[in-house]
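Two complexes follow with chain A in common, the first pairing it with chain B and the second with chain C.
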Partner chain A sequence: MLSQIIYALPFLAEGFAVTLWVSLLVVVLSLIAGVLMGVGLVYGPFPLRWAVRIFSDTIRGIPILVLIFFVYYGLPAVGLHLESFWAAVFALTLFKTAQVVEYLRGAVGSIPKGQSEAAMAIGLTFRQRLVYVIFPQAFRRFLPPWINGVTDAVKGSALVSLLGITDLMQAINQVIGRTYEAMPLYILGALVYFAVNYALSLASRRLERRFSFIRE
Partner chain B sequence: MSNASHQNPALLDVTEVSKAFGSVEVLRSVSLQVTRGEVVTIIGPSGSGKTTLLRCVNFLESYDSGSIRIDGKEVGYRETGTRQRRSERDLAAMRAETGMVFQSFNLFPHLTAAGNIMLGLRKVRGKSNAEARTIAEHWLGRVGLAHKADSLPAELSGGQQQRVGIARAVAMEPKILLLDEITSALDPELVGEVLEVVRSLAEDGMTMLMVTHEMAFARDASSRIVFMADGGVSAVGPPAEILAAGFDNERLRSFLARFRASHF
Partner chain C sequence: MGYTLNFNLIWRHFDKLWGGLLLSLELAVISIAIGIVIGLVLAVWYVSAGRAVRTIIAGYVEFIRNVPLILLVYLVFYGLPTVVDIAYSAQTSFIATLSLYSGAYLVEVFRSGLEAVPRGQLDAGKAIGLTPWQRLLDVRLPTMLRITLPALSNTFISLFKDTSVASVISVPELTYGAQWINFNTFRIVEVYLVVTAMYLLTGYTLLFALRLVERRFKAAR
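For the complex of A and B:
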């Protein structure tokens, strides 16, 4: 059993790198898009709020697997051909963005209105109010669900194997295809996913403690 | 009075301002002038539009018609005659000229007492960190909290928080200070320390427009008292006149009678 694992490690390492790369791209891109759209949802004019609301509700109502297949197999019909890797990243990012929008709305919505007013009263512009007053306070409430979402993204990235991308999951399957020893490899794979996510949630707990001094 | 204001044009000039929330008229053609160095107190029953008026002065609330000018400059709307809302940058710059102190303090909980005061100085006034710190410490000293510069709001009493709130507003050197029922959320024994700060600012010549239920304070500290009822200005005059028992205004007399009955 040990020998099989040692045989598998180089293949898995390559797959693991792809998993991390997909996760990182999805997490960073969805954070940027989600925060921008979330700000639009909370503060934007009516048409923008409406557009973001529809986007978020629609995307969150679709299974992520359907979204991946839709982007990869469906979009070429309207002329958008994406390589399997980018199709997967795009679909996962759409999905995650819709979640980030909701985390941001919840976190920003929990800040009392008086905070914005006090910030206005000293002459801060909209952008300054967000950066110096609202976001630092909202961060503490944004963080726990967002880190949860990051671990979901790492786990969800396993779905890219369905488009033939050799991530950790696909690498495991390929090794099993050669060795016919499923159990040790699935356990190994599970441990790797678990290690990444456990490290993330530990980091999250430390960050939360770091910001717990903010009381209302 | 009209002669005096002619020589010394009003710093704050509110002219026939009206505002409705849906079908409820909260301000009905309100006019009010405050000259430089004056302390004007607005009193009146709840729902009379006092706070809304105050919030229109720094455009935390928009108004439907009329005009509000500070130092001759129209608040909130562009002076093109078309009632076009000013740009975000313009509004921010105008708001920096009016200080506001809130009933619920609204200190920034993630910043220290000094940090609360320094934020506007640095980001709006463009002061360096060191300059802002010096100014913050000066004002914290003025409100008797020099030793609390590095405390977070949650570590301060209500009275202390409100004194920081005042310091945050005046440190920006506003042309006029707006005080919105600033002692209403305080325990009675903490009211005095906050009013003392306001009194000392008045002595320094700070122009103030305040809404308060502290009648004794209004009487002692104000140059004039404005009585509002049903969204309109019902009476204006020097405190001794307005608060005198025989003033010829039925609404005002019954407001004061009810007020005395509930507070003494």
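For the complex of A and C:
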């Protein structure tokens, strides 16, 4: 039993690398898209605000699994052909982007209005106000929940196995298909996911404590 | 290209989706009911327990929260029967998994709720001569439930969405119904449009209804 699992380790490690790669892509892409859309939600004109609100509430209202299937099976029907890997990354990025939008809204919303007004009073432009006044303060409120939310990307990435992508989850299932050692392999997989995500949650909690001295 | 929407086949098989939606709701309701029991017992135990018990409860909570739900579903359905000699259906297996899953989230919710009950209320209970059990059941828990109600309804709605994972072990809930229609009729865009609308409508109706309940039972501040 043990020898079979040791034999499978390199294969599992490759799957784990795919899991990390999917998560990393999703986290980076959603951070960019989410911050841009979040700024649109907080400061944008009415139609933009409205569009971002609908986007975020729709995405957060449906299961990630449905989102993944919709993107994977639905896009070719409208003429967009993405490899399963990129379809999965796209779907997970949509899901994470909606989260980032909400983190940003929460963080920026927690900065007292007086800060904005003071910046305006000394003649800073909109971009300067964001870059020098709002974002440096909002950053401390944004970072802890955002890091904690990275675990959602790692956990969500396990669903890409359903599109036939050999991530850690799929690699585990394939090794079980050959060795019939279901329990040890699932536990091994659980421990790997746990190690990654628990480290992220600890980092988030530590940062939160580190930043908690700031009161209005 | 040149794809024209045609919902006829979706309506013909709509019973698959409707039945699926009802099963999704049923799975979520049963799981949160069991999850609430797990959460309450462990949270009350946690706040009064010693270090060892606390570590074990925290271990359970952290483990569940940091592992993908789909892996837990596989583990309970395919993994567990290889080491213990019990047989259960996919549906039972999923309910067990989702109950343990929601239980872990609710321990945290209830624990912070218990800690948020004002100290003065417990002292007042003591002053009028309530026993420790009465203080827990008549003072601490009711106040805690009012405080945690919003978090409880959020958990319920996210569990409703999580029931979609049951499709991976062929429990015929809403997402499974969608896949069935997807593979049998190839009206792909249509079926996912309809299913997305069903999840959204149900989710937001639940949210709205639960917010009304929350307003009714809002904790006095």
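Quick notes on this one:
Keep in mind that, in the parts below, the second predicted complex is superposed on the first by the 209 of 216 C-alpha atoms of A that agree within 3 Å, B and C clash if a C-alpha of one lies under 4 Å from a C-alpha of the other, contacts with A are read in each partner's own complex, and residues count from 1 in each chain.
Throughout what follows, a residue touches a chain if its C-beta (ideal position, glycine included) is under 8 Å from a C-beta of that chain, and two chains touch if they have at least 3 such contacts.
Everything quoted here is computed from the prediction, not taken from an experiment.
Per the definitions stated earlier, placing chain B and chain C onto a shared chain A by superposition produces no clash, and the two fit side by side.
Looking at the shared chain after the overlay, A:78 reaches chain C, while chain B stays out of its contact range.
Of the two partner chains, neither chain B nor chain C is touched by A:13. When the two complexes are overlaid, the chain among chain B and chain C that reaches more residues of chain A is C.
In the superposition on chain A, contact of A:159 is made with chain C only, not with chain B. In the superposed model, A:173 lies in contact with chain C only, and not with chain B. By the touch criterion stated above, A:65 is placed in contact with chain C alone, chain B being left untouched. Within the superposed three-chain model, A:54 lies out of touch with both chain B and chain C [touch as defined at top].
Look at A:182: by the touch rule set out above, it reaches chain C but stays clear of chain B. Minimum C-alpha separation, chain B to chain C, in the superposed model: 27 Å. Looking at the complex, you find that chain C touches chain A at residues 1, 3, 62-63, 65-72, 74-75, 78-80, 82-83, 161-165, 167-168, 175, 178-179, 182, 188-189, 192, 195-196, 199-200, 203-204. By the touch rule above, chain A contacts chain C in their complex via residues 58, 61-66, 69-70, 73-74, 77-79, 151, 154-159, 161-162, 169, 172-173, 176, 180, 182-183, 186-187, 189-190, 193-194, 197-198, 201. For chain B in complex with chain A, the touching residues are 58, 60, 88-89, 92-100, 102, 104, 106-110, 119-120, 123-124, 152, 154, 168-169, 172. On the chain A side of its complex with chain B, the touching residues are 112, 114-115, 117-126, 128, 132-133, 136-137, 213-216.
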